[in-house]
Amino acid sequence: MKRYEPILGVLLAAGLVAAAIAAPWLRFVLTIALAKGIAVMGILLLLRAGQVSFGHALYIGFGAYTVAFLAPRVNDGAVLLLAAAAGAGVLGLMVGLFVTRYRQIFFGMLNLAMCMVFYSLLEKLYHITKGSDGIRVEIMPIAGQALDRVTYEWTVFGIALGLAFVLAFLLRLYLASPMGEALAGIKTRETRLEFMGVPARGVLLAAYVISAVVGGIGGALIAMTSRHVTPLLSYWTASGELVFIAILGGAGGVLGPFLGAAAYELVRVYAAASFADAWQMILGAVLLLVILFAPGGLWGMAARAIGGRGR
Amino acid sequence: MSGALLRATGLRLAFGGVKAADGIDLDVMAGEFLAIIGPNGAGKTTFINMTTGYLKPNAGSIAYDGRTITGMSPRAIVKLGIARSFQLPQLFLEHTVEQNIALAVASRHGIWSPLVPLLRPSYRDEARDLLDRFGLSAIADARADALNEGARKLADIAMAVALKPRLLLMDEPTSGVAASEKMTIVETLVNVLRDAKVTAVFVEHDMDVVERFADRVAVWSQGRIAALGPPAEVLSDPAVQREVIGIERHATPPGVRHA
Amino acid sequence: MTTLTRRETLAAGFGAVLLPATLSAQPAPRPAELKIGVTTFLSGPASVFGVPSRRACEMLAEQINAAGGIAGIPMRPIFVDEGPGTDHLVGEIRRLVQSEGVHAIFQSISSGSCLACTPLSRELNKVMLLWDCGTQRIFEENRYDYAFRTQGYGTSEVLAPLLYLLKTKPNIRTLAVVNQDYAWGRDSWELWKTAMDALKPGVRVVAEMFPRFGSTDFSTEITRLLALRPDVIYSTSWGGELVTFIRQATERRLHERTTFVLPVAEASLQILGRSMPEGHIIGTRGDHWNNHPAPANPELFNSFVNAYRQKFNEYPIYPCHHMAQAVWALKAGVEKAVATKGGAWPSDAELAAAFRGLTFPTPTSTITLREDGQGLEDQIVGVSSFNDRFPFAVPKEMMLYPAAQVSAPIGQKSTDWLKTLQPAMIESTGRSI
Amino acid sequence: MAEWFQDNGLLLGLALLDGLSSAGLIFLVAVGLNLVFGVLRIVNVAHGSLYAIGAYSAASIGIFLASRGLPGWASIPALVLSAALVGAVLGPLIERFLLRRIYAQEEVVQLLVTFALFMILEDVQKLVWGVQPIHHDQAMKLLGTIDIPFGADFIPFTNYQLFVLPGFAVVTLVGLAWFLRRTLTGRVIVAVTTDREAATAMGIDAQRIFLLTFTFGAMLAALGGALSSPTAALVPGVGAQTIVLSFAVVATAGLGQIEGAALTSLMMGLGRSIAVYFEPELEVVVPYIIMVLVLLVRPQGLFGVIETRRV
């Protein structure tokens, strides 16, 4: 199955590009999906260690607000992306030093707590953040190039796609490396790691920081795409949504997050369009069906269709 | 053999009212195979746990290679060259056997390489070689959670050996192994360890194994060492036979998993 | 029925996406129906506004279509939920324009949604009528050619009750605020405080409380207010929170120790029923009280209110009236644009031009869309009371504040303008009705 | 310091009364969640929905009974009855048809099943009860108020909030403690909480205990909702708001510890009400600050037991 991953990745990317060319409004939805997919890779990483973060919307929100705050001063998308990634990494390190001491529900709920504190700050510091009104992000030059709107949107889409590819590739390497495999070891036999001289907490912390960085990148891309950031990006349900996408896509491979995110956004759009006041129910039902009848998520389904194992 | 590699002095540890270690004094000589026998609850595993840093003694000290290691973390102790295997095999259940061993190999070198595969040629070769010597080649690609008890046990020991320790502590290496294979497996194990010049301490219930492979045997009873000496001498002691071996042979038929 | 057609459009979505999206460049042909995208809350706490407004919209569309449509074309509203947040909503606006091909968009209850989506009117060259959100930031911080607000806004909606308070209770000395902790709660407090400091300097603010949005228990806040005994308690809360607050407060007789000023109370009065205490200042974000003593067009007013009551077994609340204003503005604007072109269908730019400076009739009065896009809607404030006609509190001793007098002039920021207000304004502004 | 107390002592006294009442409500919701988590090891996100449905049902039943001319005193037993009804109907349905199918799966999957259920139930509530605030405060009105002296002044409190809510919380706490310690079923539940493997090895019918506990937890959630309904108007989204605080309580209290839940609720209730008096902007983050502080000192939660792994 692993062998097919690159081919499937290219196919998926080609499908996304075709859809984005064909329907301009889908381009927007798919850019958001790519951004969320990138963020969900971080969730996937933590899931490898058997840990569920119920607060990673913190890093989405942080990345998005980094762009919104810095855009008037540093008017360049490329620099802002880097800044968001670096900022989220530093934040992830600080939070991670604390939360990686905990496992299971404590890990999940402490992340949730951090996320909710950040959310409250965004709401409370009204004079800086404009509260729930949020901050608008204007179209900005990227890598020194001033762009008109359509080119800008295509560029952000392209960046999201390119980053998705690069990051997924790196993540794939990471997961197969000693660091990545030791991470998976935390899930099944954390004590053994210690008896092999491997600091389990350090392994988890490294993964946590990476998950924060990709979260920050995802958030920055969302801000550059929707061009308006609000505290809702960091509400606890948004964190739940990330875990939702991870499981919907399947935790078996690096394509899972992107399959999940694309499916999630499309189902939501189509459900909202067809049943504007019951889209939540439809999303919930889809997730329930996938969990009950397609364990391994969409990636698992794809894997079975091709005839290999999910992992 | 030259002097003590490990020296425990006056170790005491109690859980609630139970004295798991009640003044343990023990020297483990470099290069020897020391067997630990005794009834369940005598504190055998506790001794291993204290030596490897998992439990901290209430009193007493442990010196390794002339250096005090009491109170050090398991991680730091491993780095000094003390490895252990477990009564309940501690494998990474979602990894293959080969990956398990390779992770142990990798941890010797430091695992902080995020982009080179775990199963790089050098680690893979070393892991394969080890599996070969343990006779586990056939199940190298099986997931650890799919193994039978005996294979788990061996893989668990192989992981400890992959750490290239100078001192290896094994907690019941043959429990769960089918009686018919037991001698062959132990023989293999002993050869591997002798080749690598590893000093070994092992908790063992099978007196045949003890008799045949141990250089010395220590008898544990209620947190104390009741007897210590060459197997022939100790095992023929009637008191030991009555209080330890007799109970042992009835209480735990071979192959039963100790929880 | 509408769902089905929409689903067909969507089913076509993936297949028919290959159609060239060049329609907008052509001289606009007369459409078979006038499609209107409507963003409103269909989930979450603010659906208390969203769902009634959606009903009002559907009802009016039915009525208008039965009477021949707008400029001879039937209108069809397509609803989108604001609930999931702005990143979703911004995508939905694009879908409405680029996939559904809507001709105009009625936009948003939440200020956050409006701030996020209004800039899209510029990018997509689509007329947007801001039908309910109140933030003053929209037209004070930006200029939009395609966006218009068909109702009043925060500045007038806060200033009118303040003027009413200062006129009827000139001797107040202390005040406390309990607002929801989100942009409107904070904004409406800033506007109030700025205006109050200008109109009656020296009123002491004894407590500023912003309980979490969606709180279900205000007992602690109420205890503190009971202990503080402020002359006035100001709250722009709405929905379930206002209902909860008033019930918990009246049960503990807080209303006997203070005067409430509740600028958006109207939407909650039916639910509160007899639990609403009498003699407190209430507003409706406009002039559309169901007991308006002298609406400009009584037949139209009564027919709207009665039709809504008959259909949904409750009185329309202010978001219904706001939605109706958007529909009437749309009708007036489209018909004006078509007339200007001598009966031909206008382009998007021509349609937008028709809205600038447009004055359209509402059942109670008229609303003029100012040069900057802001609508001028009169404000009526009164004190809560009960009569035989309504099973819930309605205002009495009403004062009408003409919109022009309680809105910041074009080009001036509300907070700057409010600082310049003179105490004399308290007497000179507004008239009893 | 002493001076501060002289100035604010009376206020602190009021804050204490308010804190007790709000702690009672927090406890009633959180204790069910904690119990379920202790036994099933599932963080039941849908607990919030059960709370909301309990509240809505109680209000509906109350309104119905009032319209039938039932005497006012009946409104309080009606609250309890409707909670029992909701729990007894929905609890077994959810456990039997959803949760039972996924006990073997990973924790995150179990969590997401309840998240999906939560999304579905959010829309179901909307379909059944509409979006307009619903309230029925007969019970609160019936019991009247009591004047608490405050210096020369007095402060009216509702008897319902001051006595009934904390009273129910205390009764629930004592009743639960008695049930868990003194009855066979209760002891079995405790046994499963502390060591599931050992308990099942001893021949305990885990499925029956799971069903029982979940139903019980659902009843407690519904009871929390029902008891809150006389004081609060019910609107869509009330479940999401409530559940996130309960998460914090569970993590802080320690695995399945009812006394821990009680103490945590008390700390959070008091913390919040004190914040309202002296630093209202902190009110929202107080529960999370408490949680972080507690876990810093006691990583396993207030009353949690450190799980030592045998090696």
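Just a few scattered comments:
Chains: A, B, C and D, in written order; residue numbering restarts at 1 for each.
We adopt the following convention: contacts are C-beta pairs under 8 Å (C-beta built on N, C-alpha and C of every residue); 3 or more make two chains touch, one makes a residue touch a chain.
Please read all numbers here as calculations on a predicted model, not as lab measurements.
Fewest steps needed to get from chain A to chain D, stepping only to touching chains, is 1. A count of C-beta contacts for the chain pairs A-B and C-D puts C-D on top.
When each chain is reduced to the mean of its CA atoms, the one lying nearest the mean of all protein CA atoms is A. With each centre defined as the average position of its C-alpha atoms, the distance from chain B to chain D rounds to 49 Å.
Work out the mean CA point of chain A and of chain B, and you get 44 Å between them.
Per-chain Cα centroids separate chain A from chain C by 36 Å. Shown for chain D are the residues that touch two or more other chains, namely 122-123, 126, 281, 284, 311. Within chain C, the positions touching two or more other chains are listed as 43, 47, 51, 181, 210. Annotation for chain B: residues 54, 90 touch two or more other chains. Partner chain C is touched in their complex by these residues of chain A: 19, 22-26, 28-29, 32, 123-124, 126, 130-134, 136, 149, 222, 225-230, 232-233, 238, 265, 268-270, 272-277, 279-280. Those residues of chain A lying in contact with chain B across their complex are 170, 173-174, 176-182, 184-185, 187-189, 191-199, 203, 206. Contact residues on chain B toward chain A in their complex (touch as defined above): 52, 54, 73-75, 78-79, 83-84, 90-95, 99, 102-104, 106-108, 111-119, 123, 159, 163.
Within the complex formed with chain D, the chain A residues making contact are 47, 50, 52, 54, 98, 101-102, 104-106, 108-110, 112-114, 116-117, 120, 123-124, 191, 236-237, 240, 243-244, 247, 277-278, 280-281, 283-285, 287-288, 291-292, 295. On the chain D side of its complex with chain A, the touching residues are 37, 43, 45, 98, 101-102, 105-109, 111-113, 115-120, 122-124, 126-127, 240, 244, 247-248, 250-251, 255, 281, 284-285, 288-289, 291-292, 295, 299-301, 309, 311.
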